[in-house]
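Structures given as structure tokens follow.
Two complexes follow with subunit A in common, the first pairing it with subunit B and the second with subunit C.
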Partner chain A sequence: MRRVHVVGAGMHRFGKFPPQVTLEVLGAHAATAAMADAGVAPADIDAVYVGHVFGGPVAGQRIAMRVGLSGKPISNHENYCSSGATALREAWIAVGAGICDVALVVGVEKMTDRIKGGVRPDPGDLDAAMGFIFAAGHALSARRYMRDHGASREEIAMVAVKNHAHSVHNPYAQYQKPISLEQVVNARPIADPLGLYDCSPISDGAAAVVIASAEGMRRLSLTGPAPAVAACGLVSGTVLRGLGDINEEDVSARAGQAAYTFAGIGPEDIDVVEMHDCFTIAEIVRLEGLGLLPRGEGARLTMAGHTSLGGPLPVNPSGGLLSRGHPVGATGTAQICELYWQLTGRAGGRQVENARAGLAYCKGGSVSGTDGASVTTVIMTA
Partner chain B sequence: MTAPQSFDPAVFRTEPPTLLAVRCPECGVTSFPRRELCPYCTAELVEVEATPLSPQGVVYSYTVVRQAPEGVATPYVLAYVDLPEEELRLLSRLVGFGDMTPDLIGSPVRLVTAPMDDPEDDRLRYAFEATAQGASA
Partner chain C sequence: MRRVHVVGAGMHRFGKFPPQVTLEVLGAHAATAAMADAGVAPADIDAVYVGHVFGGPVAGQRIAMRVGLSGKPISNHENYCSSGATALREAWIAVGAGICDVALVVGVEKMTDRIKGGVRPDPGDLDAAMGFIFAAGHALSARRYMRDHGASREEIAMVAVKNHAHSVHNPYAQYQKPISLEQVVNARPIADPLGLYDCSPISDGAAAVVIASAEGMRRLSLTGPAPAVAACGLVSGTVLRGLGDINEEDVSARAGQAAYTFAGIGPEDIDVVEMHDCFTIAEIVRLEGLGLLPRGEGARLTMAGHTSLGGPLPVNPSGGLLSRGHPVGATGTAQICELYWQLTGRAGGRQVENARAGLAYCKGGSVSGTDGASVTTVIMTA
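And now, the complex of A and B:
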């Protein structure tokens, strides 16, 4: 497979926007920003890959026609919260395989006008019939993690405090204000023990990257720093058997292994992580599943500053889903924007010093009786 | 009088309340809900008759849901319930636990019928409630 590079990134700030800021407006903004950042014109793009969940049929084509990209191969990719990363993976395969040299990847979502009270599985799923919502699933995980590892409510809440502190430096974040531990612990309860600030918000937004092969970069005379996409892992959950630990995170371990093996590097080589912290507890158990933190110690290490900017392993310098916001189809692509900025030294006040290798993780959806639906793991190297 | 209808007759029988699984004739593992192929050994299960699950369970983890999408009344209690006999874990509502102050992990529970979220929908789904021992915990 040919080496694939990220050559430009662009975002529309995440947030809650009025109806006239449509899915198409958001996507077009991010697409043009990424092309401008890369220094390429629409005519230079060979193919377009778009990730979204609630955008309706052919949202990618609706966006592309607004920004001079009509007529090209365009495909739409849905893997719930890992849709944006799945779109990247498909583009990476195509560029790596030599099918095309330059591709645009857009993740986009308009949620605030159509989602109320939280996202849930497909209504046909048995868990959905029982009233499963994602906040409840993570609350069940948190309650069990606290019991099994003696973690405190405050240690889990600290994930939100940390990520909000990071987002103060991210102009694309929905929330750019610090938050105190007291605020998180005393917030309105959503699903015990999790409260409002343990949950990522419902958001609108878009993020896009341009990726290219070395041939594509030569053709377009692109000479700027271009981190490599060293691996894009994708796994699905397996049917659970027996009465094991719900926080075992086998699905994360398998997704991590898929990426580590392909990239030829291990968890010890990762300098910065963009983690799918849809809920505070999720960041902890997923870092453990990936082998980035020892099992059962994630909560304590978060409280100790291990995963803060300036710590040994900064996690979510962008603010993560908790404070950058979580327009579900856009999140996976926004993580790639952040790693691109981190690995090219353009992350401003949230820059991780000497970042050489980054990992981005997304988990999308749930299927009754399994440990997940889709997990993506992207490794990028400077 | 006809028996109240189950929300999903392939999964749940209402009288008496019974969850329906499928036991693989090849490897012996019980799957719930039933599937076309055994997830462990891929044996064909389509023609295999349903197996009733034990109505007795133990709470593995639980949460009180206080915010939900439109049409779902809150609060309600969701739990992972372990069925030790079949070594199966399933997600279910818990009912009859009152103010929920005690830690419910490990509480014994038994299968019952419960109404749907939509008051217009007169079908029944399943839930677990505290056994006498659990209620006094």
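And now, the complex of A and C:
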């Protein structure tokens, strides 16, 4: 497979927007911004890959029409919260295979029009029907983690404090002001021990990147900097057997291993991480599952500043899902935007110094009886 | 890109089924049948690609769980009526690129649970809001064709007669008995001049194929016959400008050209066609757009038996969308099943003699102001 590079990125700010800010408006804004950032015109784009969950049939074509991309090969990709990353993966494979040289990847979601309260699991999900919804599952994870590793409520809450502090510097984030540990711990309870700030919000937004082969970059006279997509692993969760450890994170370990092997680097080489922190505790157990932090030490290390900007392994400089926001189909692509900006030294006040390798991780959806539905791990190198 | 082969196919019969025959039941049935036909076990499958429109988030993962495929890389692909073919295309690229060696592709749809009457266009489709729904568009196409080329109502109706006659021999078809020209012409009007039998039905169903690289075939000791996927082109419709000819079919011409060029063969080399006959007239104008029949002669040639089994270019030996049925996400994959059976001499009473090269075409969805949303052209060679 040929090497594939990210040559431009663009976003529409995440947030809650009125109905006239449609999915198409959001997607078109991000697509235009990414093409402008790359310095390419619609005519230069060979193919369009769009990730979304709730956009309805041929949403990608509706977006493409608004930015002069009608006529191109366009495809829509759904893998719940990994949808944007799955679209990137298919585009990465197509460019790598030589099917096309320059592809636009768009992740987009307009949630506020259709999601009231939280995202509801599939009606056929028997666990969820019994009350085991997303928040409940992560609450069990937190309780188990606290018991097994002697972690405190405050250490887990610190993930939210850290990620909100980071996104003060991110103009695309839904929330751009700091919150205190007291605010997180004393917030309205959602599923004990987790409160409101332990949960990622309902969001609208879009993120897009332009990727290209070396041939594509030559054709368009692009000189970079253009970090490489060194790997993009995808796995799904296996069927749970009996009373296992909810924090085993076998699915993260497998996803990470697939990506590390393909990229030829290990967790010790990663300088910056964009992590799927749909809940505070999720950031901790997934970092451990990926081998980025030692088992059982994630909570303590978070409190110690290990994963803060300025620490040894900054995690979610963008603010993550908790504070940048979580328009589900856009999240995976927004992570790639952030890594692109970090690896090219354009991340402003949230810049990770000397970032040479970044990892982005998404975990999407549930299927009753399995440990997740779709997990992606992208590794990018400067 | 490496050469990719179809090594097995399986379907669930198309039809209208009660609620307990769920999307998951249909998809799992087809997946199991395809793996059994290929002689492979779930452990042999490297990745799963699923096409559907209305199945909801991570439908592919729900199907995979039922057939022992949890844990694999699984992705869901939507491109309206081209969804099954788009899933095939992404799998074909991934196997071609060397990302995996053996992939399962599933197209599936459970329509009867959620579609009452016809498929409704997107609420944002302004043409549709003014009455220009799918049936109305194809009625205009038929009227224009009759005026421009002196075609008769009977010649257009003959497409339905032919395709119903073909599917008498297809055990997977929704309809398996012949209908007469009088029945088609005198049926309940839908959009003048088109009547009920000029329109494809609402259907439930699933179709699956296993594809593999030569390395994958060696690993699994598969000796074939294994027709090659010689090309899989994808384009979208361009923005209509002014009062053009509704039957120009520029989008089909572009889709066909992309596939012919990649495969290195031309329309004159095609022995059998699976055509997206969502309406009778659509089969005619699309065959002409693809260069498979001369412009303006499709209706006359259909009446003359040119596209019937036993004629020079049999079209829709399976019965096509009109008679095999049209569970939208499954249609593109069902076409691949049919070409696989035709090219391996296993099509029974509907076998096209000496079929060496086949073409499958899908046209999916509408985006207001464009000539279609997603068009795929697959070329397979024995």
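The working rule: the second predicted complex is superposed on the first by the 381 of 382 C-alpha atoms of A that agree within 3 Å, B and C clash if a C-alpha of one lies under 4 Å from a C-alpha of the other, contacts with A are read in each partner's own complex, and residues count from 1 in each chain.
Simple rule for what comes next: contacts are C-beta pairs under 8 Å (C-beta built on N, C-alpha and C of every residue); 3 or more make two chains touch, one makes a residue touch a chain.
Computed from a prediction, not measured in an experiment: that's the story for all the values here.
J.: In the overlaid three-chain picture, which partner chain does A:G289 touch, first (subunit B) or second (subunit C), both, or neither?
T.: Neither partner.
J.: Which of the two partners, first being subunit B and second being subunit C, lies in contact with A:M130: first, second, both, or neither?
T.: first
J.: See if subunit A has more residues touched by subunit B or by subunit C, and give me that chain.
T.: Ranking subunit B and subunit C by residues of subunit A touched puts C first.
J.: Of the two partner chains, subunit B (first) and subunit C (second), which one does A:D192 touch, if any: first, second, both, or neither?
T.: first
J.: Between subunit B and subunit C, whom does A:L140 touch in the aligned arrangement: first, second, both, or neither?
T.: The answer is first: A:L140 touches subunit B but not subunit C.
J.: May I ask you to decide whether A:G118 touches subunit B, subunit C, both, or neither, giving the answer as first, second, both or neither?
T.: After superposition on chain A, A:G118 lies in contact with subunit B alone.
J.: Please work out whether A:G325 is in contact with subunit B alone, subunit C alone, both, or neither, and reply first, second, both or neither.
T.: So A:G325 meets neither subunit B nor subunit C here.
J.: What is the contact status of A:V239 with respect to subunit B (first) and subunit C (second): first, second, both, or neither?
T.: In the superposition, A:V239 contacts both subunit B and subunit C.
J.: Touching A:G369, do we find subunit B (first), subunit C (second), both, or neither?
T.: A:G369 contacts both subunit B and subunit C.
J.: Do subunit B and subunit C touch any of the same residues on subunit A, and if so, which?
T.: 238-239, 369
J.: Going by the contact rule set out above, which residues of subunit B touch subunit A in the complex?
T.: For this pair, the touching residues of subunit B are 7-8, 11, 29, 31-33, 35, 39-40, 60-70, 72, 76, 78-80, 82, 84, 87-93, 105, 117, 125.
J.: Could you please specify the touching residues of subunit A with respect to subunit B in the complex?
T.: Touching subunit B: residues 116-118, 120, 126-127, 129-133, 135-136, 139-141, 143-144, 147, 188-194, 238-243, 246, 368-369 of subunit A.
J.: Hey, which residues of subunit C end up touching subunit A in the complex?
T.: Within the complex, subunit C contacts subunit A at residues 1, 22, 24, 47, 53, 56-58, 61-62, 64-65, 70-80, 86, 89-90, 93-94, 96-99, 122, 124, 233-239, 254, 364-365, 367, 369-370, 373-374.
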